[in-house]
Amino acid sequence: MKFKVGIIGGGRIGYVHTHAINKFVDQAKVIAIADAYLDSQNQEKFRKLGVKSFYSDYNQLLLDPEIDIIYICSPTDTHYLYSIQALKANKHVFCEKPVAFDLEKILEVKKVVKETKKYFTVGHNRRFDHNFLALKDQIEKNTIGEILQLRITSRDPGLPPYEYIKKSGGIFLDMMIHDFDMALFLTNNKVVESVYATGSALIDKKISELDDIDTAVVVLNFKDGSMATIENCRQTSYGYDQRVEIHGTKASIKIENDTNSTLIISSDHGIIKEKPLYFFLERYQNAYIQENKDFFEAISSNKEPKVTIDDGYKAVLLAKAAKISLKEKRLVKISELEE
Amino acid sequence: MKFKVGIIGGGRIGYVHTHAINKFVDQAKVIAIADAYLDSQNQEKFRKLGVKSFYSDYNQLLLDPEIDIIYICSPTDTHYLYSIQALKANKHVFCEKPVAFDLEKILEVKKVVKETKKYFTVGHNRRFDHNFLALKDQIEKNTIGEILQLRITSRDPGLPPYEYIKKSGGIFLDMMIHDFDMALFLTNNKVVESVYATGSALIDKKISELDDIDTAVVVLNFKDGSMATIENCRQTSYGYDQRVEIHGTKASIKIENDTNSTLIISSDHGIIKEKPLYFFLERYQNAYIQENKDFFEAISSNKEPKVTIDDGYKAVLLAKAAKISLKEKRLVKISELEE
Amino acid sequence: MKFKVGIIGGGRIGYVHTHAINKFVDQAKVIAIADAYLDSQNQEKFRKLGVKSFYSDYNQLLLDPEIDIIYICSPTDTHYLYSIQALKANKHVFCEKPVAFDLEKILEVKKVVKETKKYFTVGHNRRFDHNFLALKDQIEKNTIGEILQLRITSRDPGLPPYEYIKKSGGIFLDMMIHDFDMALFLTNNKVVESVYATGSALIDKKISELDDIDTAVVVLNFKDGSMATIENCRQTSYGYDQRVEIHGTKASIKIENDTNSTLIISSDHGIIKEKPLYFFLERYQNAYIQENKDFFEAISSNKEPKVTIDDGYKAVLLAKAAKISLKEKRLVKISELEE
Amino acid sequence: MKFKVGIIGGGRIGYVHTHAINKFVDQAKVIAIADAYLDSQNQEKFRKLGVKSFYSDYNQLLLDPEIDIIYICSPTDTHYLYSIQALKANKHVFCEKPVAFDLEKILEVKKVVKETKKYFTVGHNRRFDHNFLALKDQIEKNTIGEILQLRITSRDPGLPPYEYIKKSGGIFLDMMIHDFDMALFLTNNKVVESVYATGSALIDKKISELDDIDTAVVVLNFKDGSMATIENCRQTSYGYDQRVEIHGTKASIKIENDTNSTLIISSDHGIIKEKPLYFFLERYQNAYIQENKDFFEAISSNKEPKVTIDDGYKAVLLAKAAKISLKEKRLVKISELEE
C-alpha cells in the first residue's frame, strides 16, 4: 500500500520530488500536481513519471480523499497558508523551506500540526546527503571532541533570475537558510546567542536594487562560546561549492565537493581535477530521494520525521537575525527576536 | 513494451542484474530465474524484486515464448553451452565473462550469433563505469595524444573461497580478464603482439595447490611499441582498488578510487580520507545498470551492443597468453595462439 | 663586505634569525647578541653559529660602531623604545611584530625613521613564504579577477605558556596580527572599514583569567564591499594549520598546509596523509631566510623593504579594532580609532 | 678541520655537488676542479662558490696532497679508471653512477677499495630524498607487512641531447639505474631472480638509431615471489615524475611528486594543482646535500657510507639483465650474468 502524494507547484522542485519518489522510492507515488500555470509540455514531463491528474486549483488536491500527503512546492509566500489548509484537510505535509517569512506564522503552523496530529516536515534536504551525514556520523561517534569552530562554505554556480530574487526573501531566507539548518544539525542544536552578518552585491549591482546581496558572511555565536562562520556567494567560476569544516578538540573534520568522476589530467597546464557537480540538482539528487524515504518511513512507523517544524522555525529565526544584523550593521542577539 | 528477461543462475551476479534491471531500468524486466539449487530464502529475495517464475531446469526458460533475453549468470564452464542453446532457442543473450575457457568455443558461439542474428553481449561491466568512461572520453577528445604507457591496478579486498577459485579458470581468466578488456577498450583495440606474465601465491600458499596465484603482473606489448602493465592482487588492507593511469604524449590521465563520501579527518593520526568503496557490488552498482540499459537500447534500436563477442574473445585470448607465459616463464607471442 | 648585525634578545626568535642569516644568507652576519639573561648554554648555541660578542646591556650594541643593523627580538613592550634608540644610534632596524601595542607609539617610530633616514622593517615573515607568495603571484597575474571573499585559517598546534600570554598583548596582537597583515598583503592593501571580532577561551578556561581567548573569528569589511574572515585557534590535534582561500570573480585560489613528505598510507584505517609541519619554526624556516635577504637587499640597493612601518601600523590597527569589538561585542569602525 | 674535495668533471653534476657542499655542508669544501674543457665563464661559477684551483689534467688533483676526497663527475666511460687511480692515490672516492658499464670492472674497483681501505660511495642520490626516506621509514617500522608488489614510476620532463644518449650506456644504465637501486633499497636488498624488460623509441624515432629507447617497462622477479615494476619515459608534458607505490600485506604506501607550493586554482578549467618540480636539480636539491653529508660523516666516524660499491654493482647488474631482455625479447635470469 503506497502513500498517494499530491504536489502543489509544478516547477523545478516539484519535478525533483516527483522524479525522486516515482523513480526511486517504493513507499509512495506522486499521482497529482496542482499548478495554475503548468503548460502541456511540462505536464508531459510529469506524465512520463506516472502522474495522472493535473489541477489548476490546489483545493482540488486537498479535497481528493485518495491523497495522503501534500507536498508544498509553490512560491515561499504561499507555504504558510497551504500548509495550514492541507493539514486541516487531514493531509500530511512536506513543506519546502522556508515554512514562512514570519516567525509567528511558523508558530501558527506548528499549532495546527499539533492540533491535527498530522505529520509535517520541511525540505532541508542536505541533512540527507552522504557527505553531511559522514560529518554527522563522526560527530556522533565523538571523533572530534568538543566543537570549537564550524565553517560552512556554500556557493551557487550562478545568479538566479531577478524575478526569483524578488520573491525569495533575500539571500539569508533563500540560500543561507540551508546553512543555518546545517549549523544546527551538525552541532546537535547548540543554542545561538547572537548573530553577525555582513554582505554586498558584488557580482551584480542590480541585486542591491532588489534589496538583496549576492555575497555574504555570517558569524553565529553559540551560548557555549564556540562559533560558526557561514560564507555564501551566488556565483563561482567552478560550479556548486558545498563544503563544511569543523575544528574540534580531538580532531578536525571536513567534507569536500563531489565530482562526476575521479579523473585527474596531468599536462602542461597543471594537475587538473574535475570541477564539482554543477548545482543542487546534480549534487543532491540522492539526498532528495532519502529525505522523501525518511518522511514516508516516519509516517509508516509512527515516528517523528528527521526534520521537524521546530527545525524549520530555528533556521528562519537565524535568517531573520542575519537580516537585521546586515541592515543595522550590528551584532543581533537572538533574544531580541524572541520576546 | 518491456523486454522480458530470464536469468540462468540465481547466485550473486544474477541477483545484481535482477536488482539493476527491475529497480532502475525501464526497458526490461526480469521475470524468471532458472537455478537447480535456489533455496526459498533466495527465491524470496528475487520475488521482492518482482520475479514471478522459478525453474530448476534452465531449458524451461529457453522454452518460455514470453522471454526475449537470456542472461547467463551460471558458473563459467556452462557459459558456452548455454549461450549456444539460448541463441538457438531464438533468445538474445547477455553472457557473463568469460564466454568460455577455450578460444575455439568462443568462436563457435560467434558463429551461432551470426547464424541466428540474435543480439549477444558479454558482461564487461567496467566499460560502463563513470571513471573509466571519463578516461575514454579524454582519449576520444585526444587530450592525451599518443598513448605511451598504460597501467591498470586492480586489487580485490579479499580472497574468494577455495571452491570459487577451483572453478574460476585462474586469476587471468577470472579477475584480470576485466583489465585485459579495459586495456583494449581504452586503447581502441590496439593490437597486442606479445604478453609477459608473472605472479605467485603470496597471500595464501594454499592457492598454489589449487594451481592458481593471488598476486600477478602482466605486461602487454602493443604492435606500435607502446605497452600496458596490469597489476592484480586478490587482497588489500584498504578495500577494492581500481585505478588506471595512462601516460600520453600530450597529457597523462588517471582515475582514483571512489569513496562513500569526501570526508577528511585531521587528527594526531594524520590527515585521513575514506577507504575506497568495499568491492565490486558497491563500486560498480551504477555500471551494472548502465550495461543493462545499453544492451536493451542496442536491441531496440538495431545497433551493435557496446561489448561484442569479439571483445569477449580478445580478453580471453590475452588471458590464455598470460597463463602460458606464467607457466613457461617466457614472453608469449599472440601469434602462437592464433595459428 | 657583509652587513654586521647585532640582535637584542637571545630567545627563540633571535636564534631563528641568527641561524637563518649565518647559515643561509650571504649579505650579512650576526656578530653580537645583547641579552641580560642569556645563560652559557644558550651562548654556546649562538657561538656555534659564529656569534662572537655577548652583551648584557643592549646599549653596548648601539654603541658598537661596527654594527650596521639592529634586530629587535626582545619582548613586545620593549620594541618601541629599542627601535627609536637604535635608529637614533644610526642603525638600520629589523623589528619583530608588533612594533608597539599603541598606535601612537608606532607613529612616533615612523617619525624617527623619517628623520634618521635609516632602513626599518617589521618581521611579517609569512609574506616571504612560498605558499603565500604563490597566492600573491596569482593575484598579481589577475587569475582571480575581483576578490569577493578572503578566508584565513591560522591555528597553532598548542597553547603557549601562561607567562607568554600575559605579555603577548592578547591573541589579536600576538597571533592574528600575522593574519591581519596577510589580509592586507593579499588584497594589495584594500581599505578596511569595519571589524567584527568574537572569541572565547575554549581550550583552557584559565586563559580567560589572563584576559585573553584561545579561539577567535574576525570579519574584516573592506570599503569596496568585499570581506575577509580570519579563524584562529591556539590548539589543534594535527599540528600547525596555515591556509588561505580567496574567492574571486574569475577563479578561486587556495593554499594547503606543507608536509614533510608526500607519503600516503592506505590501510584498514583509511587513506592517510602526513600531518602538516609541526609549527612555525618548521613551516617558515625558509621564509625567515627570505625576509632577511630581502631586508639586506633593500638596504644595499637603496629600495624600500617589502614590509614597511606602515604595514606594521596597519596590522596593529586591525588588532586594536578587533580587541574593542570583542570587548564591546559590537562592530567597530576603523574611523573610531583614527580620529 | 674540513675535508678538502677535488672534483673531476666540471659539468652539471660537478657543479651540483660543489654548490651543495660549499653552500650547505659544514664538514667539507670543494677546492679544486679538474676539467680539460672548462671555459672561463664556467670557472667563474665555481669560483663564486669558493673553488680556488682549476686543472686541465685530473692527475694534478690526484697528486695534490691537500685533497682528501675525489668526486668523479666525468663521463661514465671514465668512472672505472679514475676510481681506481684516485683510490691508489690514497683518496676517498665519491663516484657518480654507474661505476662502470661492465660488471667485471666494478668488481675490480671493489678489489682496490678493499686493498686501499679508502672510503668509496656511489651517487645514488635518491636514497637521501625525503619522500623515498619516508617510504623506507614505514618499511622499517613494518607498517606494511610483507611487500607484495612494488611499482616505481620515473619519467623525465624531456629528452637529453643525442650526444648525451650516445655515451649514456642506454636508458637502463643511465636512467633506470636509479630505479633499480631504489627497488633494492626499499626491499632491503631482496634477491632478484629474473628480469623482463620491454620498450621502444616512441617519443623520438631517432633514438632507436642511437640504439636506445625512450619508453620502457621492466619487471623484476624477486626470489620470494614478490615483484617490482618500473616504468620509465624520457618525456612528459607535466615535468619530472618520481613516484613509488608499494602494496604490502598490512598496508600499501606511496609517495607523490613534490611541488613548489600547495596552490590550488578552482576555475572554469577545473581544480588545478601545480605541476611537479621541473627536473632532478629542483627535485633532489636537498638529497644532494644529504648524500654528501652522509659520505663525510661516514668517513669521520669510521662507518660504511649508506651507499656502497656493492649497491653500485647490483644496480648495474639489473641494468645489464634488462638490456639483454630487451634485445633478446625474453626473460633473463640473473644467474646467467653471474656464473
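Going by the order they are written in, the chains are A, B, C and D; count residues from 1 in each one.
The working rule: a contact is a pair of C-beta atoms (placed from the backbone, for glycine too) under 8 Å apart; a residue touches a chain by one contact, two chains touch by 3 or more.
If you're wondering where the values come from, they're calculated on a predicted model, not measured in any experiment.
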| item | value |
| --- | --- |
| Same-site or different-site touching of chain B by its copy chain D, using the half cut | same |
| Computed distance of Cα centres, chain D from chain C, in Å | 41 |
| Chain centre separation (chain B, chain D; CA means) in Å | 42 |
| Geometric centre distance via CA averages, chain D-chain A, whole Å | 59 |
| Sites on chain B at which at least two other chains make contact | 236-238, 250-252, 265-268, 274 |
| Chain contact topology (line, ring, star, complete or other) | complete |
| In the complex, chain B residues that touch chain C | 236-238, 265-275 |
| Chain D residues touching chain C - in the complex, by the definition given at the top | 130-131, 133-135, 138, 143, 250-258, 260-268, 274 |
| Residues on chain B engaged by chain D in the complex (per definition of touch) | 146, 148-149, 151, 155, 194, 196, 198-203, 215, 217, 219, 221, 225-227, 229, 231, 233, 235-238, 241, 247-252, 329-331 |
